[in-house]
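Common to both upcoming complexes is chain A, partnered first by chain B, then by chain C.
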Partner chain A sequence: MGALDSRFFDLGAMDRLARQDTPLHRLDGRAKLLATLAFLVTVVSFDRYELSALIPFVVFPVALCLGGNVPGRWLWRKILLAAPFAVLIGMFNPLIDRQPLLTIGWWQVSGGWISFASILLRFALTVAAALALAAVTGFNNVCTALQRLGVPRVFVVQLLFLHRYLFVLVEETMRLVRARALRSFGRGTGLRAFGSLTGHLLLRTLDRAQRVHQAMSCRGFSGAMPALRPARFGGREIVFVLGWTSLFVALRCVNVSRWLGAAVLELWS
Partner chain B sequence: MHMADALISPAVGGAMWAATAGLIAYSSRKLALEADDKKIPLMGVTAAFVFAAQMINFTIPATGSSGHLGGGLILAVLLGPHAAFLAMASVLTVQALFFADGGLLALGCNIFNLGFFSCFIAYPLIFKPLAAATPTRGRIIGGSLLAAIVGLQLGAFGVVLETLLSGITALPFSTFVLLMQPIHLAIGIVEGLATAAVVLFVWQARPEIVAAAAQAKPVDALSQRKVLIGLAVATVLTGAILSWFASGQPDGLEWSMFKTSGHEELDAPAAGVHESLAGVQEKTALLPDYGFPASEEAGEAEEAEAWPAVNAGTSVAGLVGSLLTLTLAALIALALRRRRAVVVAGSR
Partner chain C sequence: MSHHLVEARDLHFTYPDGTPALRGVSFRITHGEAVALVGANGAGKSTLLQHLTGCLLPASGTLLIGDVYLDKKTLPVIRRTVGMVFQDPDDQLFMPTVGEDVAFGPLNMGLPPAEAQRRVREALAAVGAEHLIDRPPYKLSGGEKRAASIATVLAMSPNILVLDEPSSNLDPRGRRQLIEMLKTFTHTKIIATHDLDLVLDLCPRTIVLHKGAVAADGPTDAIMNDENLLRECRLEKPLRLQFRPE
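Presenting the complex of A and B:
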C-alpha cells in the first residue's frame, strides 16, 4: 500500500509542477502535444538495432525539463518505476538473438544485447518525453488541447472529471483500507470482505455522482467545461512545433553521434 | 499488460490509434444521442472509482498472493458498453500521462486491448445474456468469471499480435503466446472473482443499478456494421501508409551510414558469418577492418536488410560519439541549471 500511496502523492507533485509559470508553461498545449507526438513517432521509427542515432534525441526531454523547471531526479525516478514491463519483454532479446553484431577489440556484442539496449533507450526517451509533457502542460491544458485538436467533447469532459475526482476517491479509499487494516490484524482480506468494502465504496461513489450532477445542474452545466485561459496558436507555437519537428527529421536522417565520433577519432589518430 | 512505446513500431501504433479514435468518436456520438447529461458525472466518478478500487487488495482463495479489481468489465456492467469504453479510455490516458503505465504512442493499442474486448465483446456477448437479463447469484458469478477470462485472453492475444507485428522484440510467436495466455488466464480468474464480488454486493443492496445499465437501448445493427467497416478500413489504411514510410526509412539510414562513415568498405567479403567471425577472433586490433555479408539465407534476408552491413570501425565511432553526445548534453544541462540557480538566487 505504501507504494500506491506514494504513487498518488506523486500525482499531486505533477500538478504542482504544472502550475509553474515559465515561457514553456505559457505555450499553448497543442504545440507541446504535437511536438511530443512528432518526437515519439521519430524515436520509435528507428530500426531495432539502432543505438547511437537515438542518443541525440535526449535533447528534447532535457530541453523540456530545463525550460519547464522540472527536476531531473524526479523524472528519472518515475521512469524507473515504470520500467519493469519493457525490461521483461526486452530481456528475451539477448537470449534469442545471439548473432554477433559489434566487436570492440576481443569483446563481441550480440545483436540481442544491442536491441535490448535499444529498447531500454527508447523506453527511457519516450517515457521521459511523455512525463515532461504532462509536467510542463498540466492535465487541464492537455485536455483543452485535445478538444481543440478534434477529440470529442464527451471524452474530454470525461478526462477532466476523472482527474478531478481521482484525488477525492483515492483519499476515501485510503481511509477505508487503513480502517480495515486497523480492525482486522492482517486477516479480513477475503473475497467477501473485499466485495462489501468495494461495493460500499461504489454505492457512495454513485451517490456522489448524483450530488455532483445536481450541484452542476444548479450552476448551469450543459455538458461542456469552460476554459479559463484562452488558447491561442500564435507565432511562438508555430515556431516551437516546426523547429522541433525539423530537428527530429534532421536527427532521423543524420547520425550525429557517429559523425561526432568519427570526427574525434580522426583528430586523435 | 500495458504496452510501452519502446516495443511498438509507428505503423502498428498509428493503426491502433486510428481504430481507437474511431471507437471513441463512435461511443461519444452514441452518448450524445442518448442526451443524458446525468451520465457524464457518473462516468467520470465511476472511472475514478476503478482507479481507487485498485488500492483495495484481497487474498486470492487457495493461494498466498493478493489481487485487486482490474476495471473494464465492472465499468461495462455499471455504465453499459459505450460509456464504459470512454471511461476505460480515460483511465488509460491518465495512467499513460501520469504514471508512465504504457506510452502515448501505445495508448491506442492499450485502449483497444483493455477497453474494446471487455466493453464490446465480453460484456454484450457473454455477461449480458448470461447474467444481466435474469440475474441470480450463480449467474452473476459465472457470467463475471467467463466474461473477464475471455476479455483478458483476447486482450493478451492483442498484445502478442501488436508486439510481434512491430518487430522490436526477438521473441518468436509461440513462446510469446505461451508466456502471455496462461498468465492472463490466472489474471482473468482473479478479475472475474473480484468483479463478481462487487457486482453481487451492489445487486443485493441496490438491484436497480445493475438492471439500469443492462436495459440501455440495443445498438441498431446497421450503424454498428457501418462503424465496424469504417474502422477496419481506417486501421488498414493507416497501417499500410505508415509501414510504407517505415520501409522507406532504412534506405535513408543506409545512405547516412555510408555518408558519415566515409568508407567504401561496407562492401562485405563474400564469406559466411562464421568464417568472418573466425577471422575476427584472430584480430585484436581496436578497429578490425571487416563487415558482415548482407545476407546468406532467404530466412535471414529481412534481418540482414534491417541492419545492412556492420563495420566495426563505424560501430566504434558510433559508440565514442554516443558517449560524447551524452556527456555534452549533460554538461549543457548542468551549465544551464547552474545559471538558472544563479538567476533565481539573484532575483530573490
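Presenting the complex of A and C:
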C-alpha cells in the first residue's frame, strides 16, 4: 500500500515538471512529439547485435532533461521501475543464442548476451526519451499534439481520460485496500477477497464512466474535445524537428562510437 | 412564454431491471423559483434529476422545459437551458485543467474561443475561483472542486440550475460559502438534497418525493413543520427547527 501511495504522488510529480516554463516547455507539443518519434524509429531500426552505434543517441534524452530542467535521478528511477519488462523480453536471448561473437580477455561473449544488452540499451533510450517528452510537454499536451497530427479522436480521448481518472481510480483502490486491510487481520487477503475487490472496482468504474458520460452529454459533448488555445507551429518548431531528425539520420549512418574509438587508438599509437 | 418554466405532467419511469422509480410525478416550477427536492434514499430524486437533463427519457408523461417538450430531438435545446451540477465533482470535472473544463460546454455550444474565454473568467469569478483556472481538477480540495463544477455549468449560462446534493462532502465553512453563493444566483434553482437546513436557507418551496410520487408540494416552512408527513417520508425536522419554541 505504501508503494501504491508513493507511486500515486509520483504521478503528480510528472505533471509538476510539465508545468515549468522553459523554452523547451514553450515549444509546440507536435515538434517535441515528432522529434521523439524520429528518435524512437531510428533507435529501433538498428540491427539486433548493435551496441556501440546506439550509445551516442543518449544525447537526445539528456538534452531534453537539461533543456527542460528535468531531474536525471527522477528519470533514472522511472526507467528502473519499468526495467523488469525489458529484462523479461530479453532474458531468454543468452540461453537460445549461444554463438560466440566477441572475446573480451578470457570471456567469450555470445550473440545472445549482446542482443540482450542491446535490448536493455534500446529500452533505456526509448523509455527515457518518452518520459522526458512527457515531462517537458505534459501528458495532456502530448494528447493534443497527437490529435493535431491526425491520430483518431477516439484514441486521444481515451488517453486523456486514462490520465485524468488514473488519480481517481488509484484513490478508490487505496480506499478499498485499506478497508480490507482493517478487517482482515492477516487472513482475508487471499485470492477470493482480491477477486471480489477487483470486481467491485470494475463495477464502480463502469458506474462512474456512465456518470461522466452523462456529465459530458449535459454539456454538449458530441465526440470532439474542443481546444481553447490556438497552436502555433512556427520557425522554432521546424528547426527543432529538422535539427534533431538530421542528427538521428547522421548517427544512424555513421557509427560515432567506433569512429571516436579508432581516433583515440590512433592518437595512442 | 418564459424560458425558465419546468413542468412535469404525470411522469412515469421504470428501470430496465423492472424497478419502478417514478409513478406519476407532476409539478410546475416557474421563473426564478428556488425549489428543494427532498425524499428518502430511493424515493426517485436522482431519477427525476436525470429526466430534467434528458439523461433519461420518461416512459410516459411529458416534461416541458421552457417552451420545449423533452424528447430525443430537443435534447440539445434542453441541455442549453438546464445546467446540471452532479453530486460527485470528479464526474463533472474531466478535462486536464479547470479552465479547459469550464470552457468545455461553451466550446461545444459552438462559441468562438475568445467568447468562451470570457465566459470561463466570468463563471470562475462568480464562484470565487479565478485562481484555479490552470490547476488540474484532481489537485483541488472538496470545496474548490464544488465551486469549479458549478462554474462549468454557469459558463453555459443556463436558465435553470439543477443541483444534486450540493452540500455533500463539504466542511461547514465550505457549505456556508456555497449557500451564500447560491443565494446570489437569480436562475430558477432545483436542489435535490438531504440537507434540510440548507433547504430552509435557500428554497421557499419544497417538493417531497416518496416512493416515486409527489407526497407534498408547498411552502418549505409548512412542510418542514409537518412532523407526520416528514416521518412518513423517512425525513426529519431540520435541526434548526427542532429546538425552536413553538
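Rule of thumb we're sticking to: the second predicted complex is superposed on the first by the 220 of 269 C-alpha atoms of A that agree within 3 Å, B and C clash if a C-alpha of one lies under 4 Å from a C-alpha of the other, contacts with A are read in each partner's own complex, and residues count from 1 in each chain.
By definition in this document, a contact is a pair of C-beta atoms (placed from the backbone, for glycine too) under 8 Å apart; a residue touches a chain by one contact, two chains touch by 3 or more.
This is a predicted model, so every value here is computed, not measured.
Colleague: Applying the touch criterion given at the start, work out whether A:Val249 contacts chain B, chain C, both or neither, answering first, second, both or neither.
Modeller: neither
Colleague: Once chain A of both complexes is superposed, is A:Ile238 in touch with chain B (first), chain C (second), both, or neither?
Modeller: In the superposition, A:Ile238 contacts neither chain B nor chain C.
Colleague: Tell me which partner A:Gly12 touches in the superposition: chain B (first), chain C (second), both or neither.
Modeller: So A:Gly12 only meets chain C here.
Colleague: Looking at chain A, does chain C or chain B touch more of its residues?
Modeller: B
Colleague: Touch test for A:Leu149: chain B only (first), chain C only (second), both, or neither?
Modeller: neither
Colleague: Examine A:Ala181 and indicate which partner it touches, taking first as chain B and second as chain C; both and neither are also allowed.
Modeller: neither
Colleague: Under the stated touch criterion, which partner chain does A:Val212 make contact with: chain B (first), chain C (second), both, or neither?
Modeller: both
Colleague: Thinking of the overlay built on chain A, is A:Ala86 touched by chain B (first), by chain C (second), by both, or by neither?
Modeller: The answer is first: A:Ala86 touches chain B but not chain C.
Colleague: In the superposed arrangement, which partner chain does A:Phe161 touch: chain B (first), chain C (second), both, or neither?
Modeller: both
Colleague: After lining up the shared chain so the two structures overlap, which partner does A:Phe194 touch, if you call chain B first and chain C second: first, second, both or neither?
Modeller: First partner only.
Colleague: Same chain A residues contacting chain B and chain C, which ones?
Modeller: Residues 160-161, 163-165, 168, 208, 212, 216-217, 221-222 of chain A touch both chain B and chain C.
Colleague: Within their complex, state which residues of chain B touch chain A.
Modeller: For chain B paired with chain A, touching residues are 2-10, 13-14, 24-25, 28-29, 31-32, 37-38, 40-49, 51-59, 61, 66, 69, 78, 86-87, 89-91, 93-94, 96-101, 103-105, 163, 167-172, 175, 193-194, 196-198, 200-202, 205-206, 209, 245-246, 249-250, 252-253, 256-257, 260-262, 273, 277, 280-281, 284-286, 288, 292, 306-307, 310, 312, 314-322, 324-326, 329, 332-333, 336-337, 340.
Colleague: List the residues on chain A that touch chain C in their complex, please.
Modeller: It comes out as residues 12, 15, 19, 138, 140, 160-161, 163-165, 167-168, 208, 211-212, 214-222, 224-230.
Colleague: Help me check something: in the complex, which residues belonging to chain C touch chain A?
Modeller: Those in contact with chain A are residues 50, 53, 55, 76, 79-80, 82-84, 86, 88, 90-92, 94-97, 99-100, 103-105, 107-109, 113, 116-117, 120, 134, 136-139, 152-153, 156.
Colleague: Under the touch definition given earlier, write down the residues of chain A that touch chain B in their complex.
Modeller: Per the stated touch rule, the residues are 1, 4, 7, 10-11, 14, 36-37, 40-41, 43-53, 55-56, 58-59, 62, 65-66, 69, 72, 78-79, 81-82, 85-86, 89-90, 92-93, 96-97, 99-106, 108, 111-112, 115, 119-120, 122-123, 126-127, 130-131, 133-134, 139, 142, 151-155, 157-166, 168-170, 172-174, 176-177, 189-203, 205-206, 208-210, 212-213, 216-217, 221-223, 252-262, 264-265.
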